[in-house]
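Heads up, there are several structures right after this.
Shared between the two complexes below is chain A, which has chain B as its partner in the first and chain C in the second.
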Partner chain A sequence: MTTATNLRTVPLARRFLTFTWGVVALVVLVLAIALIFQPSIFVDTLVTGGMWALMAGGLALVFGVMNIPNFAHGEMFMIGGLVSWVIYQPIRDAFLNDPKNMFLQVVGPIPGILVAAVVGFLVGVLLETVLFRALRKRSRDQWVMNTFLLTAGVSVMLVNGDRMVFGNDYRGVPRYWDVHSLQILGVPVAVDRIAVFVIAMISIGVFSYFLQRTRTGRAMRAVSQDETGAQMAGISLNRIFMLTMGLSCGLAALAGAALLSIFPNSPDVGVQPLYLAWYVVILAGLGNVQGAIAGAFIVSLLQTLAVTYLGLGWVDVAPTAVIILILLFKPSGLFGSEVKGVWEQ
Partner chain B sequence: MLKITGLESGYELLQVLWGVDLHVDEGEFVALLGPNGAGKTTTLRAIAGYVPALHGSVTFRGQQISGMSPNKVSAAGIGYVSEALNLFPSMSIYENLLVGAYTVKDKAKIKANIDLVYELFPRLHERSGQLAGTLSGGERKMLAIGRGLMPSPSLLLVDEPSLGLAPIPTLAAFDALKQLSKRGVTILLVEQNVNTTLRIVDRAYVLEQGRIVLEGTGEQLLGDTHVQEAYLGI
Partner chain C sequence: MATVTAMPARSRKQVVGRSRRTLAAAVALILFAIVLPFIPPFTGQDYQRYLVGAAYTAALAVAFDFTAGYIDIVNFGFAAFVGIGAYTSALLAVDLGLPPGLGLIAGAGAAGLVGLATGMLTLRLRGIYAAVMAWFVGLALMGLVRNLTDITRGSMGLNVPRLLGTDDNLPYYYVMLALLLVTIAVLTYVIRSNVGLAFRAIGQNLQAARASGINPTRFLVLNFTLSCAFAGLMGGFYAHYYTILTPDLMSTTRTIEVLAVAYIGGRGSLWGPAIIAFPLYIGTELLRTQLASLPGLHLVLYGLLLIVVMVYWPGGVAGVVRKTALWWERRSEKAADATTSSAS
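Up next, the complex of A and B:
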């Protein structure tokens, strides 16, 4: 009996591994070809991929550590854009009145983006302490289902709360940095998008370093792997949950703020980023943060290819179709269970 | 050091402990023996803060610890090695030990404790980069005990280290505990392997149906007729 199952499972697991690496290799190959023949695809993939990585990384973190499928994640994106817009308006007026002031023009958008991340963090901490902690105390039965409903409710409240207070208009900025596009690999890229890319790369770097190398980051991973074991080591679950939710929401708000010129703020601006982040997380395997970061670039490549060769209307169709195909072959996601260990190292 | 008086505890619909009294003195190696379902594991879980105490008190160095959350109990200096081990499967041995030292701020002390664990279990040193989820049963026990030692607890609670192990790794686990005890770590051990346990511990309690029924040194209990009939099959 045991030998029979072993014989069946060993080659299967190996086939899954090669399948994952096959997909990764294919993506790298397509990017390499694009780099030579169509650099715009390469550049676009990296720029949008970075932002989806921030969204999806946070979503995967909260699912992995707290088992919460956060459907209010898009609203953190919305809150980030809103905060940045509110703070940026007076700064923008100030330098429009004083066009010679280069300092205001260069540094102007940064406070809004930073404050947005901080506000996102605080909203996350608030959600955890007020809602999830209270629910956890009452009962952890049906936890995933209950928190799904709870976050869906929070999402509806935040969208309509925003609509009530700020109205239904689009609130955007045409550009954070109103200067000529730079040429990268012969492709004109707006300075805003370069800034977005730089912000994304720095945040992903800091975020990964934090998870892998710091004491608190390690404690977060420990909680996601075994809560009881983490408590035995003296880790306070409440503290880790609070930080996790805060970090995740902070990253989403940072993305929303950085992308304000591409996604003008409106009450339901978070819907598309939310679903994209979910595509990525499902594709990568639930709760796998590094997988989600890699998956974000795969999804953004699919989007870019769809926009370039099929037209704008196909932007969501192509990724979903490919994700369905991949999940048919590997239901646990590209980097799910079997390879999780590899990524954790 | 640890003093439990009249402890009653259990789960939502089922009370398991009906007034447990026991104490462990500084430097002692004490065992808690008994049949399946007697409440041995529940006693440890109640000390460690994973199940609430309904009545009675648990004090550690004069400080009331019943009602504290598990991480606070751990921070107070009580290490707990559970039956399920609760390792972090996707982390390496080294990282598991580092997480074990979460409450330790001093880097030199963390390093010294890791060296101590590696000295006690050279096997862990050889495989320090290997993921905990890929270890054998015996290695997993070693790692769990090693992780429990990382914060230098003054009292270590160990739940059934022999569970699921072949005879040789079982002896190795007991041997490691004996060594730890010689180094001055106070240990409260829960076991079903009565014969071997009574030969290595200083003192033991026998727990039956949620109450302590016997207490004595290892030798006394080995000679006790009830223990011989019920647990040793003599």
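Up next, the complex of A and C:
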């Protein structure tokens, strides 16, 4: 909590000899070694890291502003993929008749992805207005834990609602952009993955700009620092909560839509992204949005290393073990969290 | 939640009367559970299988409530501990030929040990951090079981010998019912002892408990270990009853199912989850088998119920029963007052 003041008094050399900086340095070092000897690890880390950053950024935002540890975040990913699939299918069928039309080929997947983000936003707004507002009105006792369990219920409902309506099948597209993969650093990378990375970078850029520079974004951060103070300054809490939840869910849905070709849609497709987003958020420190974006790349590196050297089955186990170890030394996360009420509740 | 309301002093007669009523209700419920398999729809094998499942779910929910309801730690990795017990017992029976009865106890011991280690690791944290850490540990354990295919056969499933030599469901029901009653009895005994008082003190206000000389970590770990050991015991039963084990048993979904039952039943009561598990489990199983064209409907209802309970009905069924009982007592007290005052 006192890091800001400590930084000025601690000598420069000591400032960077901390555990956090050690981990960051190690990550950078491993990435640099990978860049030279095994570029595929470097490329994979960046490409998947971008998407986990989208998921984790939204999760961190909702925790920071509303103190809600969203367990249903993976289901927003699922909804995004579903919406994009529903919209993309007819479009693809339409231009299968006309494969020469390059413009349609390039633009085709975009409406699905955009609509998915919008639908995710609306679902988030709905969740806030119907559930969280009702709970907030009733009681704010043990808010963090109660909302965690509440969202667990939402998650079960959405997963099985999807199963009920759309069945248990995989609904995927082989690829959005049907072109040869590009060579990056000698590693073949599918154009879809590059597109995913570009989408992630643009969204993170817009998202950060929104949080740092716009009036509404500042209001959001104000609420996350001090709710009562923000209210006194004339910020409408309900509006900010609605927007925060919508934004977070929209980002997750966007990730789900963009990754449709890698994560074919099924009722429980959101499970793995949910775990990963949570690894990231806990690793970085709950509610720390910028930390979450950095943490996403750390988790993605751990994952890539596990897949490369241990095999596909260990993709979740190895990062979990490492994260538990790190948390033993830094229980509040690598980048600390200065969210109100986390420790009290 | 955290407030302790000042109770009006009650006469010894009233207190005795209340505990006697509780005892009578408990005995009636136990007798009902014993004769249940002989009441018509439950005489069939299908229904008796539901009864076994319901008693199993009830026991899990009670063990879950023991941590969630009293020390206020939500063990999100609960299913993993069930799985540890199940796999320990199953592997001992498969590889070493240990009788399943001993395996159950070994399973409980193993789950308790892993629970102890997890507790020492996670319970220094509070609230959401502890829940999420327990979740991560659970995920890691599940991943381990899934990946050590040489030992556990992973997702291919492990075939396990049955607990009893019979395929009839009725004996299993009585074994499970006995396990459920033992669980409730032991955990209730602990809750009513001084240790239980410490648990409740910690759950309601950690700082105040610490200030009155309680070492929170020790009690938290003790509670967590006990809960995990019972989870492991039930896991052993699961393995030797359903005879096929997959790592799916340890997934978060399973935890949430138990969690839903515990919260709908009412946290912090032990008996609420145990009772509500029966109608809830049997109802959802019926829905699932009758409406096979709508897969997942029963889980949608679970989710919906959990949401409704969390938002509108935080005490669950036990809370409603408690309120009704209190209201009833007040009413009869008033009536008694009225009669005495009119008589004087």
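Rule of thumb we're sticking to: the second predicted complex is superposed on the first by the 319 of 345 C-alpha atoms of A that agree within 3 Å, B and C clash if a C-alpha of one lies under 4 Å from a C-alpha of the other, contacts with A are read in each partner's own complex, and residues count from 1 in each chain.
Methods note: contacts are C-beta pairs under 8 Å (C-beta built on N, C-alpha and C of every residue); 3 or more make two chains touch, one makes a residue touch a chain.
Small disclaimer: the values here were computed from a predicted structure and weren't measured.
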Open item on the list: Between chain B and chain C, which one contacts more residues of chain A in the superposed model?
Closed with: C
TODO: Answer with first, second, both or neither: which of chain B and chain C does A:Gly22 touch in the superposed model?
DONE: neither
TODO: Please work out whether A:Arg221 is in contact with chain B alone, chain C alone, both, or neither, and reply first, second, both or neither.
DONE: first
Open item on the list: Quick check for you: in the superposed arrangement, does A:Gly229 touch first (chain B), second (chain C), both or neither?
Closed with: first
- [ ] Would you sort A:Asp316 into first (chain B), second (chain C), both or neither based on which partner it touches?
- [x] second
TODO: Identify the partner contact of A:Leu237: answer first if only chain B is touched, second if only chain C is, both if each is, neither if none is.
DONE: first
Open item on the list: Need the overlap of the two footprints on chain A, from chain B and from chain C, as residue ranges.
Closed with: 345
Task: Residue ranges of chain C in contact with chain A within the complex - done: 1-2, 72, 74, 121, 124-129, 131-133, 135-137, 139-140, 143-144, 146-147, 252-253, 256, 259-260, 263, 294-300, 302-307, 310-312, 314
TODO: Could you pull out which chain B residues touch chain A in their complex?
DONE: 48, 50, 69-71, 74-75, 79-82, 84-92, 95, 98-103, 131, 133-134, 147-148, 150-151
- [ ] Within their complex, state which residues of chain A touch chain B.
- [x] 215, 218-219, 221-222, 225-226, 228-237, 340-341, 344-345
Open item on the list: For a test of understanding, state which residues of chain A touch chain C in their complex under the given definition.
Closed with: 69, 131, 134-135, 138-139, 141-142, 144-146, 148-150, 152-164, 167-168, 267, 271, 275, 278-279, 282, 286, 313-314, 316-317, 320-321, 323-324, 327-328, 331, 342-343, 345
